[in-house]
Each structure stands twice: as structure tokens, then as C-alpha cells.
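Both of the next two complexes hold chain A, though its partner changes from chain B to chain C.
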Partner chain A sequence: MASVEFLSGNEAVAQAVRLARPRVIAAYPITPQTTVVERLSEIVEAGELDAQFVHVESEHSALALLMGSAAMGARTFTATSSQGLLYMAECLYYASGGRWPLVMMNANRALALPWNIYGDQSDSLALISSGWIQAYAEDAQEALDMIIQAYAVAEDIEVRTPVLVNLDGFVLTHTYEAVSVPDQLEVDRFLPPPDLPEGYPGTFSMSKPQSLAITAGPGDYTVFKYQQHAAVMHSAAVIRSVGEKFHQHFGRGATGLIEGYRSEDAEFILITLGSVSGTVRQAIDELRRQGVAVGMLRLRYLRPFPTEELVEYLYSSTRTRHVQNIGVLEKDISFGHQGSVSLEVKSALYEYASRQGGAAVPVLNFVAGLGGQDISGEDVQNIFLELASSVNAANQSQQTLSAPGFSDVRFLGLEPFREENQHQDAA
Partner chain B sequence: MKKPEEVSNPPCHLRPFKRSTSLAIWPNSPQADSGHLAFSNKDWRNMWPQIEWQACNSCSLCLLFCPEGAISWNANRLPIVQEDWCKGCGLCARECPKNLIAMIPQTHR
Partner chain C sequence: MKKISIKMLPDDEYFVGHKGCGGCGGSLILRWTLKALGERCHIVIPAGCMSAIGFIYPQMALGVNAMIAPFAATGAVLSGIAAVIRAKGLTDIPVVGFAGDGATADIGLQSLSGALDRREKIIYICYDNEAYMNTGIQRSSATPQGARTTTSPSGQTAFAGSKKDLLRIAAAHGIPYAATASVGHPADFLRKLDRARQIDGPSFLHVFAPCPTGWGCATDATTELGRSVVTTGLWPLLEWDHGKIRINQAPHSFAPLATYLAPQARFRGLEANQIEALAAERDRTWVALRAWERETTNSVLA
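And now, the complex of A and B:
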């Protein structure tokens, strides 16, 4: 029987890992990830999990060690954050190219400089092209569920791609909520055994010695990279079917790569990811009471990018209202352009528009929560109101676009600075 | 247990990396069966170890030190070098206690 426990996001992840029974855990502590591996080291010490817990000297070593363990057919786990994730960067590409089914948790945290230990999504978004499947949890329950599902997805023979499960630093990793923790038997029934089967690609076999991590020349390299890309694209279907299977087993959880909230009849849709979605839900309920047709699409996975699902949500024939304006709210800025998630969304919409031959819905990019900046319910309501008001003010947004120093990206908390800037321009 | 002199050390084989235009039989990870060479080293090797057999006492040192496993025994337990595997590094020549191995330019063979 499942038990309901009062857990932080990190503790929920630790419980999920315990239930997935990895054989090897290697980690280096970094705020705000530390409590995950602290809890896991206690769990291993108490004999509740039969795993090798390796204290490595760096994040780079942690991931390198797990590649070796996975090559021996072991299920593995590690967790990191921010600078640690970037220090691992070389190994991230190595692991995805080697097609080892690793699972890692990342506590989303800002990147230096300036030094900052608080949450934002710059770290994982910087590595969006590293070949890992990227998931973003909204709450501790989803974090626990996503970790368990991540093993099923990563180890699927057609996928064989590592999965990065992201939790917003502090806001999710360190806040407590009631979490339903399944019992071991239930999870054992859901997941394959923690030892990869003999002959699983990318693993050593005594009967058929192989050289792993081989070289590939100019022509061959492309084929390997194409295969990798095809596997990540295919993983979307596996993520959905694993989600559905999870839902059958445990009776909860979203199954799509995107989750909508009051979006079917919304004219103004905010696309976002991670824990801020809770705040967005509340703001939507409040504005709905005032008669504004607002809704949310929450990106649960950024890789594979759910282009088809997004288009289905926005343009489905069953919609009762057309979408007028879209906002993308993210805790990240790709310097010199706009937020990374906004780029992803726009690319998907462009693809749809060029296929259908029409204009894409306008997208405004809201960059908020950088370095732990608080995003209040009022902030989100203001974002929706800006979405609603800019529909009839095409000229106005043109002006914003051309204003020197500011593209169409809205930085939360910089409104006073923008006004000052515009005054200077006028003068 | 076989007696040492009966242990065969079969020469390694060249086996080019299997390319296919069908993804179904393309390696599904960057990995390949061990014990095979995809490309021969003979085309880029500069030096070649020429072994003087007459004084050789089959001490095994050249065979054991060769980093490529390019040396094996012939039927008389004398060291022979595999054409495709030797990279011409000269370690065997350095290690032979009787100085029986001379590194000669590949082009002078």
C-alpha cells in the first residue's frame, strides 16, 4: 500500500530513487541538490537500498562513473545543479552519444557570475541540445512520479537515452507537501528489474566482448547522430505510453508532454514550465472569475519538444475560442536573443504556420524568476493583462520591439527601468 | 590445462567496420566487437620490427610488451609480427634482452 508522507521535492526524489532500486549512485553535493543525495546516502547506509554509493571528487567524475556502471548493466542515479551540471557538460554529451540509459535529477539554479545559489532554469536550458531527454516537474508528487517513469523511458530498448528530471531550486526542492509514496512491490511491478538484460546494447558481455565508445569518421558519425536524434524523437511516444501505464498502475499523473489548464476556451495562453505553474493556475482562476478567458499550457518535457501536442492544444478544431495571444514565461534568457523556451515555442508555431499557410499567433516572452526572483500571483495576472491588452495594440508592440536596449522580451522587475529608458530615448 | 607451448595465439583479423545503408543493421550504439581491427596499420606505419630468430630464446618479452598485441608465436614458438596490427612503435625492440629486434624503415623492407 502506498503511504502519504510529508516530503520536500528533494526528499520525494530520494524516495523515488529508493523505489527504482539503482545499483550505483555517484554524486557530488551542490546547493540546492544536496539533500537528495544526503537522504540517499542515509537510505543506503540503513540497508533500505542495495546500492554502491560512491562519493566522487566532482560532478564530471560522477557522470563518468555512471557511464561505466551502465556499461556493466547497472541501473544508476546521480543528481546535480547549476555549476555542477555545467561541469558535467562534456559527460552529458558522452552519455547520450553512448546511449546509456542514465537518470539524473537537476535542481534548477542560476549560473554565475554574479554568484547566486537560487533557482532559475538557465542551467538545464543551456544544455538542451546535449541529447538528454528533459523533464520539468511542477510539484514534489510529479517529481517522484517522473523519476520512476524516467527509468522506464530511458531503458526502453528503442530509446536508450538518458533522462534529466528538473526541479526548481528551493521553490520545489526545499518546500514540503503531502506526497503519495508507492510501496516497493508496486514499483517493482511497474519497472523492469534494475539490472539491464544480458546483451542490452551499450553494455559489456562476457560472451561477446565489445569495444564501447568507439571512434566514427566523418561519414559514419552522421549516421550515429541521426540514430540518436531519431531515438529522442521516438521517445515522445514512449513517454506517453509509460505515462499511461503509470496512470493505470498508480491512478495519477499527466500522460502528455504538455498539460493544459483551462486552455480549451482560452484566448490568452501562458506557456510555462516547472513549479511556477502552480502560481499561474491561481492567477488563471482569479482572472476567470473576472471574465478574462485565460489558460495555461505547461511544458512537462522540453526534449523531445512536443511540437505536435502544442499545435493540437492551440489549433484543435474542438477549441471553442481562437487563441489571440500567447505568452511564454520562463526563468532563463539566451543572451542576445530571447528566452530559450520562447525560441522553442516560436519555432514550433512557425513550422505549423508555414505548413498551414497562415500567420502564427503572436508570442510575447516574459523572463522572470532569474536568480530566485519571486514571481507573485499578481505578477502573473499582470502578464495575462499585458497579453490581453497587446491584442489591439499591434503598433505599441512594434514600438517596444524597436526600442533600443529592449527587444520584445519583458524582464520581470525591470518595468521602472524600461520607462526610464524610454524617457531617455525621447529626450 | 594446455601446456604453454601448445597454446595457440591466432593472429588477429582485420574486419572492416560493417557499414550498411539499412539502419536496422547499423550498430545501435557506438560500439563494435572486440578483437578486430577496422583499418590496417600498415599504411601509416613508419618503422617495422625485424626480428633475428637465430639467437631468440622465446623469452616472451616482446610479445608481452607489445601494446597492440601484434606479436604471436609461430609453430616453432618464435615471435612473428602481424602485418596489419603492428604500429611500428619500437617497444619490442627496446625490451628484447638480446637486442634481436631492429626497427627498420617500413619503406626499406
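And now, the complex of A and C:
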């Protein structure tokens, strides 16, 4: 029987890891990830999990160590955040290229400088091209569910790709809620055994010794990268089927890479990810009461990027209203351009528009929550109102201040950034 | 466990078809290591010469389970393998790291330190060719004083620091066993490898490995340099065993430094006074070594 426990996001992750029965856990502390490995050390010391708990000397070593363990055919776990994730960046690419089915939790946190321990998504988004599947949890329950599913996805023989499960630092990692913790037997039925089978690619063999993590010259390298890309693309179907299987087993959880909220008839849609989605839902309910047709699409996975699902949500023939304007709300900025998620969304919409003909729906980028900046319900309502008003304004005039322009990024609490504004300031 | 000795080495080869240069000391030590430890050995080799010459798809030169580690992470990858061996209760699987001096003394020192500190059951072998050879002979912190490299072209810049003492660094972790060895003394090396294999915990072997390409010596000078470096006193053969340091060969007098330095282009251009300085440094090292030996032999804790 499942039990309902009052857990923080980090504790939910620790419980999920306990249930997944990894053989090896590599631990190195960084705020706000620490309580995950603290709980796991207690769980291992209490004999509730038979795992090797290894105190490593750096995040780089944490991930390198797990590659050695995975090569030995063992299920593994580690967790990190921010500077730690970037310190292990080399190993992220190494692990995905080696096709080891690692699962790692990341507490999304701002990057220095300036030093800041609070939440934003700059860390994981900086490594979006590292070949890892990237998942973003909204709440502690989903964090627990995503970790368990991550092992099934990563270890799928056609996928063999590591998974990074992201939780917003503090806002999700350190806030408590009621979480349904499944029974060990149920999880054992859901997941494959924790030892990879003999002959699993990327593992050693006593009967047929293997050379792993090899070198490939210019003639062969592209083939390896093509296969890696194909595996991550294919993982979208596996993520869905694992999600459906999870739903059958445990009776909960989204199954798609995107989850919509009141989006079918929404004219103004905010695309976002992570824990801020709860605030967005509340803002939507409030504006709906006032008669504004707003909705949300929550990106649960950024890699593989769910282009088809996104297009289906936005352009489906079953929609009752056309989408007028889209906002992308993210805790990240790719300096000199715009938010990374905004770029992803725009790329998908451009592909659709250029194939179908006609103009893509305008997308406004809202950068908020950097370094733990609070995003209130009122802030989100204002974002929706700006989405609504910028369409109206654009209809009236090509030259209004609020119409979206190139490189137009809104930073919460600041004037919209525009190059011409900067020139005026200089003059 | 069958004893390892040079006479008992099997005909089996586990490192063949690699692309090493003629006279490569490192590849010779790797070949002996795998012959001695056999087919159950799992070996981790970081970025460097041995990985560059042994793992080029689709021609794999290693006949045992082998893996390239990220440059900085030999100790960590070894620990990950050792952890699973513990978890599964496997026995008689030697877990061996085989890393160059750059991967050990520089970029991989943190990871090595972690593995030694955790008392992982691993054998870590540093084959020391005294520079970054794979990238084209750049100075490392194991480059000896006076040696020319492509980033110390006069040989003078190398005088800024002295070669890191890896044996003392390993011993300072309080590990059970550490030793130095040389490609010029294979029987001594194999005896030490045999001892390392029987240690329940980490062991560290620091092995002198000439690189004719990088040193500018003849390709058939490898073994001779591996002997003259010992007779000149520049590479003491040492053993740290459970808290005691033993000097394996303590010559009454040292052979002239020129017997070792002259065959190598990297030392060409050293002035007489610089060679005298090297000899003085060597003498100081030996005084300290003998003191260390007395100290640990008499220690009640040892």
C-alpha cells in the first residue's frame, strides 16, 4: 500500500531513489541539493536501501564515478545544482556519449557571478545540448514520479540516455506537501531489476571483454552522434509509454511531454516550466473569472523537445479559438539573445509556420525569477494582460511601444529591454 | 593467487595492435601489467597516450575490460567500478588505473586523492614520462628541472619548480602500499605489482617510463635510461608499506649524471653549473629519504 507523507521536493526525490534501488550513490553537497543526499545517507545507514554511498571529492568525480559503476552494469544516482552541474559539464557530455543510463537530480539554482544560492533555471538550460533527457517537475509528487520513471526511460534498450530531473531550488526542493509514496513491491513491478542485463551495450563483460568510452576519428564520429540524436528523439515515445504505464500502475501523473491547462480555448497562452506553473494556474483561474481566455502549456521535458506536441496544442483542429499571442515565462537568459526556452519555442513555431505557410503566432519572452526573484500571482496576471494588450495594440498600430519587437525581452520588475531604449539612454 | 614474477609471465598478450611510438616506455609497462594481472583485470586509462593509441574505433588494442576516463577522473571512475565490485560481492577482479604524469600529478590529483582517501581497493599506476606527450611534449608538474619541453623551450622555465613527489603525496594519505619502479627494472616492478595486488585497499605505483619521441633519445634507449636513472640516483626505487619507507637500492656512489642526461636531447644545453645544481638537489633528496627511512623504521606507530 502506498503511504501519504509530508515531504519536501528533495525528500520526495530521496524516497523515489530508495524505491528505485540503485547500487551506487555518489554524493557531493551543494545548496539546495544537500537534503537529498542527507536523506539518502540516512536511508542507507538505516538499512532501508542496500547501496554503496560514496562520498566523492567533487561533482566532476560524482558523475565520473557513476560512469564506472554503470559500466559495471549497476543502477546509480547522484544529485547536484548550479555551479556543481557546470563543474561536471564535461562528464554530462561524456555520459550521454557513452550511452550510460544514469539518473541525476538537479536543484535548479542561479549561477555565479554574482553568487546566489536561490532558484533559477540557468544551470540546466546551459547544458540543454549535453545529450541528457531533461525533465522539469512542477511539485514534489511529480518529482517522485519523474525519478522513478526516469530509470525506466534511461535504461530502455533503445534509449540508453541519461536523464536529468530538475526541481526549482528552494521553491520546490524545500517546500513541503503531501506526497503519495508507493509501496516497494509496486515499484519493483514497475521498474526493471537494478542490474543491467549481461550484454547490455556500454557495460563490461567477463566472457567478452569490452573497450568502452572509445575514440572515433572523423570518418566514424558523425555516426555515433547521429545514433545519439536518434535515441534522444526516440525517447519521446518511450517517455509517453512509460508515463502511461506509470499511470496504469499508480493511477496518477501526466503522460505527455507537455501538459496543458485550460489551453483548448485560450487566446493567450503562457508557456512555462517547473514550479511556477502552480502560480500560473491560479492566475489563469482568476482571469478566466474576469472573462479573459487565457491558458498554459507546461513543458515537462525540454529534451527531447516536444515540437509535435506543442504544435498539436497550439494549432489543433479541435481548438475552439485561435491562439492570438504566446508568452514564454522562464527563469533564464541567454545573454545577447533571449531566454533559452523562448528560443526553443520560437524555433518549433517557425518550423510549423514555414511548412504550413502564413505567420507564426507572436511570442513574447518574459524572464522572471532570476536568482530566486519572487513571481507573484499578480505578476503572472500582468504578463497575461500584456499578452492581451500587445495584440490589441499591434492591431491598431505598427509602431506602438508595447508591440513586440526584435530582441524584445521583458525582465520582471524592469523596463522592457530594447536596443533603441539603450541608445536613448546613451544619448 | 599465483605469484607474479618475470619468469612466470604468460605468453598471453592483452595489449596488441596499438599505435604507440617506437621505444614507448608506457606501453611496455602496460603490457607487463596486463600479462601479470590477467584477463579478469578491469583497467581505466584517462585521456593521454595510452588511450589515444589503444581505443581507436573499430580497432581496440586492449584484451581486457577497459575504459577511457575523463582526463581528470581516473580515480573516480576506478572508485565507481570498485563500488560495484563491493556491492555485488565479486572477488579476484583487479581494478587498475593506468595514467600518465599529467593525468596524475596535475589534472587528476584531486580525483586520485579522493580514491586514496576512501581506501578503494584499486591499483593506481602512474607511468611517468615527465611531460604531456600526447599533446606534443608540454611541461607538466612531473617535468624534471632543466628539461626542455615545447612549453619550456629553453629548459630554463622548468627550473621554476621541482618535480612533484607523488610517492610522498600518496603515502601522506596513509594508504597501505605505494612504490616507485622503473621500466629498466622489470623484475622489481612486477614484484611490486604483485604486492599491490594483494593489498586490501589502494596501492600506488609510480613508474619511470621514457618517451623517445618526447625526450629526443634513441628508440632502443628506453631500458638503458630506465637503469641509468636509478644508478645516477635521480629515480630512487622505494617502497612504502604500511607506514614504513624502504629504499630498495641504495648505491654507495652515484653514476655520473651525464650517463643519464647526455643521451637525451631535452637536457642538451644544460650548463655545467646547472648539472651541479641537479646533483646537489639529488643529494638533498637522498639525505631526506634516508632520514625518512630511519624515522619510519624507528616509529612505534609503524
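By our rule, the second predicted complex is superposed on the first by the 401 of 427 C-alpha atoms of A that agree within 3 Å, B and C clash if a C-alpha of one lies under 4 Å from a C-alpha of the other, contacts with A are read in each partner's own complex, and residues count from 1 in each chain.
In the analysis below, a contact is a pair of C-beta atoms (placed from the backbone, for glycine too) under 8 Å apart; a residue touches a chain by one contact, two chains touch by 3 or more.
From a predicted model like this one, the values you see are computed outputs, not experimental measurements.
Undergrad: I want to verify the contact counts: of chain B and chain C, which reaches more residues of chain A?
TA: After superposition, C is the partner touching more of chain A.
Undergrad: After lining up the shared chain so the two structures overlap, which partner does A:A74 touch, if you call chain B first and chain C second: first, second, both or neither?
TA: Touch status of A:A74: second partner only.
Undergrad: In the superposed arrangement, does A:G97 touch chain B (first), chain C (second), both or neither?
TA: In the superposed model, A:G97 contacts chain B only, not chain C.
Undergrad: Using the superposition on chain A described above, determine whether A:V54 touches chain B (first), chain C (second), both, or neither.
TA: It touches chain C, and chain B stays clear.
Undergrad: Using the superposition on chain A described above, determine whether A:P201 touches chain B (first), chain C (second), both, or neither.
TA: first
Undergrad: Given the touch rule stated above, what does A:V24 touch, chain B (first), chain C (second), both, or neither?
TA: Touch status of A:V24: second partner only.
Undergrad: Is A:Q210 touching anything from chain B or chain C once the two structures are fitted on A? First, second, both or neither.
TA: It touches chain B and chain C both.
Undergrad: Would you tell me the residues on chain A in contact with chain B in one complex that are also in contact with chain C in the other?
TA: 209-214, 216, 220.
Undergrad: Using the touch definition from the top, list the residues of chain A that touch chain B in their complex.
TA: Answer in residue numbers: 97-99, 160, 201-202, 208-214, 216, 220, 223-224, 227, 230.
Undergrad: Touching residues of chain B toward chain A in the complex: what are they?
TA: It comes out as residues 17, 19, 23, 26-35.
Undergrad: Residues of chain C touching chain A in their complex?
TA: For chain C paired with chain A, touching residues are 39-40, 42, 44, 51-52, 54-58, 60, 62-70, 72-73, 75-81, 83-88, 110-111, 113-114, 117-118.
Undergrad: For the complex, which residues does chain A have touching chain C?
TA: The contact residues of chain A facing chain C are 23-24, 26, 50-52, 54-58, 60-62, 64-74, 76, 90-91, 94, 195, 204-206, 209-217, 220.
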